[in-house]
Every structure is written in structure tokens, then in C-alpha cells.
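Okay, got some structures for you below.
Both of the next two complexes hold chain A, though its partner changes from chain B to chain C.
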Partner chain A sequence: MMKRAAWPIASAVLLGYPLIFSTPFQQRLGALILLYAIGASAWNIVGGYAGLISVGHAVFFGCGAYGALASYQYLGLPPIGGLPIGVAASIGIAAIVGIPTLRLSGHYFSMATIAVAELVRLVVSNSEWLGGAQGLSGPPVPRTLLDLSFVSALPYYYVFLGVLAAMLALTRQMERSRIGYYLRAIHDSERAARTLGVPVSRYKLYAYMMSAALTAVAGALYAVMFGFVDPESGLGILISIKMLIMAALGGAGLLLGPLAGAVILVPLEEFSNSLLGGVGAGVTFLVYGAIIVVIARLQPGGLLRPIPGALRKRSARAKS
Partner chain B sequence: MNPTGLARLLAAAAFGLAVTGAAFAQSVKVGAIYPLSGVAASVGVYAKAAIEVATDIVNNDHPELGDLPLAKGAGLTGLGGAKLEVVFADNQGTPAAGQNQAIRLITEEKVVAINGAYQSGITLTASAAAERYGIPFLTGDSVAANLTERGFKWFFRTTPIASDFARIYMEFLKDMKAKGARIDSIAIVHENTEYGTSVASVVTSTFKANGLNITQNIPYSANATDVQSQVLQLKDKKPDVLIFVSYTADAILYAKTMKSLDYKPPIMIADDAGFSDPSFVAAVGNIVQGVFNRSSWSVGAPGTKTYLVNDMYKKKSGVDLDDTTARIMQGFMVLVDAINRAGSTEPAKIQAALRATDLKPSQLIMGFKGVKFDEKGQNVLASALVIQLQNGVNYVPVWPKDQAAAEPVLVYKGW
Partner chain C sequence: MSSTFIQVIASGLLLGAVYALFSSGLTLIWGMMNVINFAHGDFVMLGMYVAFVVWTVMGGGPAAAVPIAALVLASLGIVCYFVLIRHITRGPMLAQILGTFGLALLLRYSAFWYFGTSFRTLPETLVGGTLPIGPIRIESSRLLAGVVALVVTVCLHLLLTRTTLGSRMLAVAEDADAAELMGIRPDRMQAIAWGLAAAATGIAGALIANFFYVAPSVGETLAIVAFVTVSLGGFGSVPGALAAGLLIGIVEQVSAYAIGAIYKDIVVYALFVLALWLRPVGLMGRA
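Let's turn to the complex of A and B:
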């Protein structure tokens, strides 16, 4: 009953948010929440469902961001026109990186993804064509509507909401189809899944490539909104970690987990920076970090996972 | 209601408006976006101190500071003595946070202008937001060339940029050649992130265009823990002139390695940054005697306005102003002077006042030839001096001649 009511309520809240909280900063905050939710949801496919903890998703985010701005820089396209280029590049990289690294298990996979991401960041930092250490920028002033450069955050909000909805619908579809079952089987026990005839390597790679492509979408949208990317802001390890933390905090492997994580963390970060940033000396991050620790301590499975956890406890008690 | 009653009512309403108007003029908010956390946090914290000193100069009477705009009298005299209020924001070292904070300052805090943001990439995104909202943005410190090439109407920059430095080095070297120095082969050693690569490439192209030969180009990582191979390459080729573009820790490492490998170039030039850092001078100043550097800042003799400003700053932060923090303070002062001349908190009037800026050297703390913006918003009178580390641990201005305090000593002494 509650579950059935949750969807319309969530949709109504998301659609109505910028009309109720209508100051420019609040609308922008809403757009940022959705943008980070898109990135974290993309990570969730491989990190949550398949249980492969990637700490190098910044590579794919960077593909999207660099694809968008490079296609403006060299082809004169509106940045969003570079989206297919970024997505194609991310799928290509995912295939090249995935085939050897997906064979690694547990934290060895995580370490390999960090190494690849840092490698790509260094290569891009030294590649003049991609702006080197100075980065690439988008059109300084919008030329046409297609440049998607708006003063108000409202258009961004609804564009991001549409993308997020489409992405979640796709993920939901995936959850219920063969690949979804396979991924969960792999997550629970890779050896058992293999014994049952699941083509483990192939499906891990599919999930990895799908996650990469969707992460590139997030990167391209970021580049369109901010109009600038450099190696640190497009490929830095903090980006990978943010995606991971948001998904994990909200509930990795749950459809709405990443969105829940973003709803908590993005406002927390923006408000703590706005209220405390001017004080200096990083008070912001102390507060931010402390709250993450508190949530992780009280709700280790993610915010959206209280009910299954409680059930397990109850059944454990019943057995004893 | 009879006509006199109506007139009285209108008069009362007008009076009420005038009173609220005056109440609004009590303080004028200006935003300042700097890296108060992240890897560049130390610069941001010093920038904040510098801006707080500048705010003190504006808000309190400082007759001892002479021609410095707004030093005499308290508050913004052009706005009926309104107090200046600075709202600081942390850019966290990311372009996204910089832009978010710019929008917050404009829409929530209602600042009339913004100053910032140190890292060029962040100045780029933050000023793009200000441009869209039609709020003046002035940077006193970001040097990336593309910032003023965007066709922006609300963006202004007071600092000299890489092409200015390159021209100064080139003219200085040509002058030294006229005095008998050899400058046939020039080596440039630079750290390999944005700062080092961009300055090195501008220096290289400017030198080439003016017939000076860059014969060796050595990029390195500022995190390096060993630079022996780089120094040995230099020792092998023996360039006449060696130019460093370095941060602090790596500059110290080079100074020590050059001493241990006993290598001294005939002329050594360093591009500000690491070689100007007070901690560099304290650590290895005695083994890089005679290095040339550039600066637009000089503390000056006791009693001068720069000396007094430095004194105020030192009381607040515990260190002397260096070229970077002084440029930040100067940029902020130029912005506040424009707001004062505009006599209004309307962004368009402040923009017009910035365009009309014409400050003379006596009105500045920096050694610029003045402040005057071209149509791109770049200060065309920005300049720098060549300074040299002489007699221990003090940099003294040595070039150009009319601003020199001592003669340039040729032949690098080292230790």
C-alpha cells in the first residue's frame, strides 16, 4: 500500500519542487541534486546491482564532459551535440578496460579502476589537444537555444529530471529482465552463478558498458551546465568517490538509492559551504564528513534499506 | 481628502522612501570568492586577510595612506559614507563550487559586484555566472589569457598576464645583452601543470618572435622528489640563461640540487610563484644569491603607503604581503573605488565606472603604471619590475632603471 503511494508522491515532489522552492539558488540546488543523482544512478548499475565497486567512474564522466566541450571547440557544435561522441568513447574505454579488469575480484578490481582513472587524468593533463592542464571551455555566451546556456536553473532542472526518469525507467526494466537477475546472481556469488550457467564475464561487461555510457551522459550534462572542464574537475578521483558515496549512502543496488543519497548529500554540501565556507579552513568538510559518518553508522545498508534490515533481524530472532 | 492633505501624504511617502533608501545605503555588499579549502587553501586564507585589510582601509579613516582611494574618511564617500561589507565564499578548488557560490552571492546575498577567484578555471566559471546576471566581476590574480578573450562585458582584470611577463623578461635580457651579457642559448625549466606550461609556452613564443633562442625546454612534475637528471641536463648543455617556472617545494629542491651538483648558470631568472614564497627565501635564499625574479609588489621604505599597508596586513596574518596577495588586494581596491565613483549600487553604473577607471601609480599599492581597462576588460597599464635577490634574503627592484633601487648584478652568484 505504502509502496504504491510512494511513486506518485515522489513524482509530484520532483515535478513541483522548483515551483515551490523558486529562488534561483533553490532551483539550482534542485538541478544539482538531479545531476548528481544521474551520475550516482549510472554508477549504481555496476557498483550496486553487480557489486563491482568501481572507483574510477570519473573516466566515463570525463568522456562525456570532454566529448561535449571538444565538439564545441573543434566542430563548433552545441556542447550537447558532443553527447554521442562522449558516450561512444566511454563505451569503447569500458570495453578496453573492462575485459582485463573485470576478471579481478573484490578490491583488486577497485584498485585497477583507480589506476586507470589516474592514468587517463595524467594523459589528458599532458594532451594539448584536450586543453592540457588548462582545460576546455564551452561557448562563453549562448549562440543559439541549443547551447543550453540559461540564466535560470529551471530548464536544467526539467532536462535533468527527464534524463533521470528515463535512466531509472531503463534501470527498472533491466532489474526485471534477464540481465538484472544475472547481475544479482553474480553479486551474491559469482561462483554459484557460473555453476548455474550464467555467462558471468559477458554480463559483467554489459553492465560495465551500460554504466559507463550513462555516466558519460552525466558528464556531458555537467559540461553543458558549467561550460568548463579541466583534468581535476572532469577526471579527478573525487568525482568517482562522490558517485560511490551517494549511491552507498542512499542504498546501493536499490533503484532510488542514488537519488536518495543525492537528496541528502548535495544540499548538505551546498548549505554547509554557503553557511560555513566563508569562515575558511575547511569547516565545511568537517561537518560534511561527520554527517556521512553518522549516517553510515546508523544505516550501513543505505538510507532506503531499513525495512529489509529490520525484517532480517526479526527473522533471526524468530529462529533463535 | 483635500489637495493639501494629498500633498502632505505624498510628501510623507516620499520622506519614507528617502529614509528607507538611506537605510539601504548603510552597507554595500561585495562578494569575494577564494579557495578557502582544498589544495590552494593557504592562498585563499591570505587573500581573505588581504581583503579584510582593504575593507578596514575603506571603512575607517586612514589619512596616513595618502592618495590611496577611500583611505581618507570613513566608508564609501560616494555613497553617503555607506560601509563596505564583504561576503566571503569558498570555491573549494572546484569550478562547479565557484560557479554555485557566484550565483548564491548574486541571488541570495545580493552583492553588487564580485571579486575572485584565484584559480583561472574557477574564475572562468564564476565570471560566466556573473556575466549572465549582469554583475561586475573583477579578478586581481587569475592570469589565463583566455579569460579576457570571451567577449564579456562585465569582466575586468587588473593583473598583468603571462604575455606581459614574457615581454618584461625579453626586454630585460636584451638590455643585459647591451651591457655585455651573453644570451645566445636560453633554457626554460617549468613544472608541468597549467601554470608552468602556459607561462613557458607564452615565454617561448614571445622570445622566438623577438629573435631570442630557447635551446632547451625541460618540463617536470612539481611533486618530484628528485631533479638530478634535470640539473645534469642543464650542466651538460650550459645555457647562458636559465628560466624557472616553479612552485615552492620544487623550487627549493632545485636550489639544493644545483648546489650539490655545483651548477651555476650565468644568468638565472625565476617566474614569481615558488621563488617569491617567503618560505623559499627563508629556506634556501642564501644559496640562490643573484637570482632575478619578477614582481609588481615591493614593500618600500618605512613610512611609505605600501610599507604601512604591509604592516596592517602583517598584524593580521603574521606574514608580509607577497606579489600574489598584494595583487589580490589591489584588484579588490580597484573594484571598490569603482563602486564608490559610481555613487550607486546599480550594477550597470558600477560597470560604467569600471570602464572609466583611470588610476595613477600614486593611487596604487602595486608597481603598475596605472589601472585602465581596454574593451576586453584587461588592465593595459599592468606591469611588473625585475627584482634580484641581493645581500642575503631581500629582493630589490633592479629593472627598469627608473624604478630600480639597485644595479642588477650580472653573473649569478649562487652561494
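Let's turn to the complex of A and C:
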């Protein structure tokens, strides 16, 4: 009963939020929550379902963002027109990086992804063509509607909501298909999965490429909304860590985990940023850190993961 | 060989020794508990601030700052272990990243809140001047850090391989349940490991502060170097971290000299990924 009501209520809340909370700050906040949820959901496919903890997804985010703004800069396309370029670059890089690194185990994989992300950040910072340390900008004045340059955050909110819904539907489909089962098997025990005939290396690479492609979509949307990207905001290690933290906080490997994480952390961060310069910034980031620590301590599997005790209670009730 | 080249190699070695110093603490807990400490860079940062406070309050140099930093950080490490780390080591790897990254934010923004954002430096006169050694010149602050790095790394290695305490710690690292059945208390050993690791990290911070700026965000930069050093050396291997540190230091300085300063880190990261590809457990890690 509860479960059947949950979806319409959630949809109504998500659709109605920017109309009820209609100040520019609140609408912008909503759009940012959805944007981060898109990024974290993309990360979730490889980090959550397959259990490959990438700490270098900023590379793919950067591909999307730079792809969008470079195709405006050099081809005169509307930034969103660069999306296929960014996604293609992202998939290419995922294949090149994935083949040598995906065979590394656990922490070594994480460290290799950090190194690759830093490598790409440094290369882009020194590349004149990609704007060097200054970065690239989008059209200063919107030329057509296709430039998707709006003053209000409202249109972005609904665009992002649509993209997030599509991405979650895709993930849900993946969960129930062969690749989903394979990834969870690999997550639980790579050796056992291999023994049972799962083509482990191939499916890890598929998951990595799929996650990379979707992360590039998040990057392109970021570039469209902000009309600007530089090595720090597009490729910095903090981008990779944020995707990971949001997914892990809500529940990695769960469909709605990343969204839950974004709903909690993005507002905190935005309040901090709006107070930046005052003493408030330091204090709110202390709160941010404390929340993460407390959740890691009390709910190590993420907020949405059912507590083992509660599960037992429910099944006991079902039996009686 | 020209004297310029000898100079490049020498500064590479000194830089590498410092990398090894602030990585040895990380590799110790990594090997002991299989935890990546994302707050590691912020422990280094606190060590640097201890040196800064020792200088502003007492006018003391490294002779005072190093033991104080070791004590302060060791206590902090043990407190962190009992309050947080003990509870997250049994969780999934993501919970460990989450927990230690949260700890990093807490430490970073406590420093931010207390000391402000401005970059600070210790006066050069504290450990001043350069020493002429043969045809080359070496900054004494870096020489001091390099020498202490070697001493601390060797001491840690001897402690782990030659003492009863070390054997107990390694036993816990190998199999905590079996060690407990043998009458070793895993909790106590792991707390000691955190204390030791944090002390080594504090010493590193106190020495680096003599030639590097101090700011709340400095840990982020240093942490990446430490991660690369530790995984190149092999998790848990103290000699591995030393070898990897020296190697990275030399590669960095030689490529800065030969290709250009902006490319040095690119070369280091590329070689790191290549090295992991060829040897997936690092230089001295166990398969």
C-alpha cells in the first residue's frame, strides 16, 4: 500500500517543487540537486552496482563539459550540440583507461583512476586549445532557444528532471537485465562470477563505458547551465569525490541512493557557498563533514539501505 | 656528468625522501587495516600548523616542533581511531572513504575556522641557508627533512620486522581473528598503528613547513602525492614507500629539468599508471 503510493507522491513533489519554492535561490538549488543526482547516478552504475570505486570520474564529467563548450567555440554549435562529441570522447577515454586499470584490484583501481584524472586535468590546464587554466565559455548572449541559456533556473530544473528520469529508467532496466545480474555477481565475488562463466573483464568494461557516457551527459548539462568550465570546476578531484560521496551517502548500488545523497548534501553546500567569505562557510562545511562521518559510522551502507534488523522484523511479520 | 645534472638528481632524492616520509604513515595503516585514509593530507596539514604555532608562540624551531607535532598528532590519531575508524573498518570500502573524507573535511575546516585561509610561511632563518656539498648546493631545510625521512622510515621498518610489537601488529594485519585467539588484542594494535602513523605524518608536516606554505587546503595537494607513492610502492610496504618516494622525486626533477616544469607531474602520473599496469600490486606489494 505504502509502496504503491510512493511513486506518484515522489513524482508530484519533484514536479511541483520549483512552483512551490519559487524564489530564484530555491529554483537554482532544485536544479543543482538534480544535476548532481544525474552525475552521482551515472557514477553509481560502475561504483555502486559493479563495486569498482572510481575516484576519477571527473575525467568523464570534463569530457562532457569541454565537449559542449569546445563545439560552441570552434564549430559555432549550441553547447548542447556538443553532447555527442563529449559522450564519444568519454567512451573512448573509458576504453583506453579501462583496459589497463580495470584488472587492478580494489584500492589500486581507485588510485589509478585518481592518477588518470589528475593527468588529464594537468594536460588540459596546459592546452591552449582547450583554454588552458582560464577554461572555455559559452555564448555570452543566447543566439537562439537552442543555446539553452536562461536567466531563471526553472527551465533547467525541468530539463534535468527529464534527463534524470530517463537515466533512472535506463538504470532500472539495466538492474533487471543480464548486465545488472552480472555486475552484482562481480561485485559480490569476482572469482565466483568468473567461475560461473560471467565474462568479467568484458562486463566491467561495458559498465565503465556506460557510466562514463552518462557522466559526460552530466558534464554537458553543467556546461550548458553555467556557460563556463575550467580545469578545476570540470576536472578537479573534488568533482570525482562529490559523485562518490553522494552515491555512497544515499546508498551505492541502489536506484534512488544518489538522488537521496544529492538532496542532503547539495543544499548544505549551497548554503555554505552563499555564506562564503563570512565565518559561516567554515562552520557549514564542518556540519557537512560531521554529517558524512555520522552516516558512515551509523549507516555504512548508505541511508536508503534497509537496516538488517528492520528487514528481519518485516520478514518475521510476514511469516506470522 | 655535469654538475647541473648531479644537482637535479640530488634535489630529486631529497624531494623523494620527503614524499617517502609523509607516505610512510599512510602505508602503515593501509597495510594494517586495508583502509585508504582520505584524511591523510589533512594530518600532514595539522603537523604543519603545529610547527607554525610552535614558532609563533614559543619561537621554537624544528627541534621543538617535531616532537610536539608527533605527540599531538599521535593523540589525535588514537582518538580518531576509537571514535570513528574502529567502527568503519568492518564496513564496505565506500563507508571507509565516506568516513575518512568526512574526517578530512572536519580537520580542514577546523583549521580554516581557527587559522583563516591565508597562506603562511615559516621564516627562512629558522633552518636557514644552503650547504655547499662538492659541486652542488642543497637547502638545509630540505636536507634536514630528507635525513629525518630516512631515519623515520628505517625505524618504522625495524619496528615492524624486528620487535615483538611489530610482529603482533603484522599478525593482526594478516588475520585479526586468529591474532585475537593468540591473545593479541586487535583493537589495541590497530590503535597503536594509527598513533604511530599519525605521529610519522605529524613529523613530516612539521619538517615540510620549513620550506612549503601552510594553508588549510594544503592537504589536498599532498594527499594525492602520498596516494601515488603508497600504491606505487605497494600497500603496506614501508620500504616500498621509500623506494617509490625516491623514484618519484627523481622522475619529477629530471623531467622538470629535461622537458619543462609544467610537464613533471604529467610524466609522474603517466609512469605511475604504466607501472601499475605492468605490476598491479606496486613495486614491493604482496600479490
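To be clear about the criterion, the second predicted complex is superposed on the first by the 299 of 320 C-alpha atoms of A that agree within 3 Å, B and C clash if a C-alpha of one lies under 4 Å from a C-alpha of the other, contacts with A are read in each partner's own complex, and residues count from 1 in each chain.
The rule is short, and it goes like this: a contact is a pair of C-beta atoms (placed from the backbone, for glycine too) under 8 Å apart; a residue touches a chain by one contact, two chains touch by 3 or more.
Owing to the predicted nature of the structure, the values given are computational and were not obtained by experimental measurement.
Enquirer: Once the structures are superposed on A, label A:R28 by its partner contacts, choosing first (chain B), second (chain C), both or neither.
Expert: A:R28 sits against chain B, while chain C stays out of touch.
Enquirer: Which of the two partners, first being chain B and second being chain C, lies in contact with A:H107: first, second, both, or neither?
Expert: In the superposition, A:H107 touches chain C alone.
Enquirer: Name the contact category of A:G132: first (chain B only), second (chain C only), both, or neither.
Expert: Only chain B is touched by A:G132; chain C is not.
Enquirer: Of the two partner chains, chain B (first) and chain C (second), which one does A:L249 touch, if any: first, second, both, or neither?
Expert: second
Enquirer: Chain A residues in contact: does chain B have more, or chain C?
Expert: Of chain B and chain C, the partner in contact with more residues of chain A is C.
Enquirer: One more residue to check, A:F285. First (chain B), second (chain C), both or neither?
Expert: both
Enquirer: Per the contact definition in the header, classify A:P140: touching chain B only (first), chain C only (second), both, or neither.
Expert: first
Enquirer: Looking at the overlay, what does A:P155 touch: chain B (first), chain C (second), both, or neither?
Expert: Touch partners of A:P155: none, neither chain B nor chain C.
Enquirer: Which holds for A:G301: it touches chain B only (first), chain C only (second), both, or neither?
Expert: A:G301 sits against chain C, while chain B stays out of touch.
Enquirer: Of the two partner chains, chain B (first) and chain C (second), which one does A:F226 touch, if any: first, second, both, or neither?
Expert: First partner only.
Enquirer: Would you tell me the residues on chain A in contact with chain B in one complex that are also in contact with chain C in the other?
Expert: 126, 279, 281-282, 285
Enquirer: Show which residues of chain A lie in contact with chain B when the two form their complex.
Expert: 23-25, 28, 32, 125-126, 132-135, 137, 140-141, 149, 151, 222, 226-230, 232-233, 270, 273-274, 277-282, 284-285
Enquirer: Any idea which chain C residues touch chain A in the complex?
Expert: Going through chain C, the ones touching chain A are 30, 34, 36, 84, 87-88, 91-99, 101-106, 108-110, 112-113, 220, 224, 227-228, 230-231, 235, 262-263, 265-266, 269-270, 272-273, 276-277, 280-282.
Enquirer: Quick check: in the complex, which residue numbers of chain A touch chain C?
Expert: Touch list, chain A to chain C: 47, 53, 55, 100-101, 103-108, 110-112, 114-116, 118-119, 122-123, 126, 237, 241, 244-245, 248-249, 252, 279, 281-283, 285-286, 288-297, 300-302.
Enquirer: Considering the complex alone, what residue numbers of chain B touch chain A?
Expert: 36-38, 41, 44-45, 48, 87-90, 92-97, 99-101, 103-104, 107-108, 120-121, 124-125, 128, 131-133, 144, 146, 150-152, 192-194, 197-198
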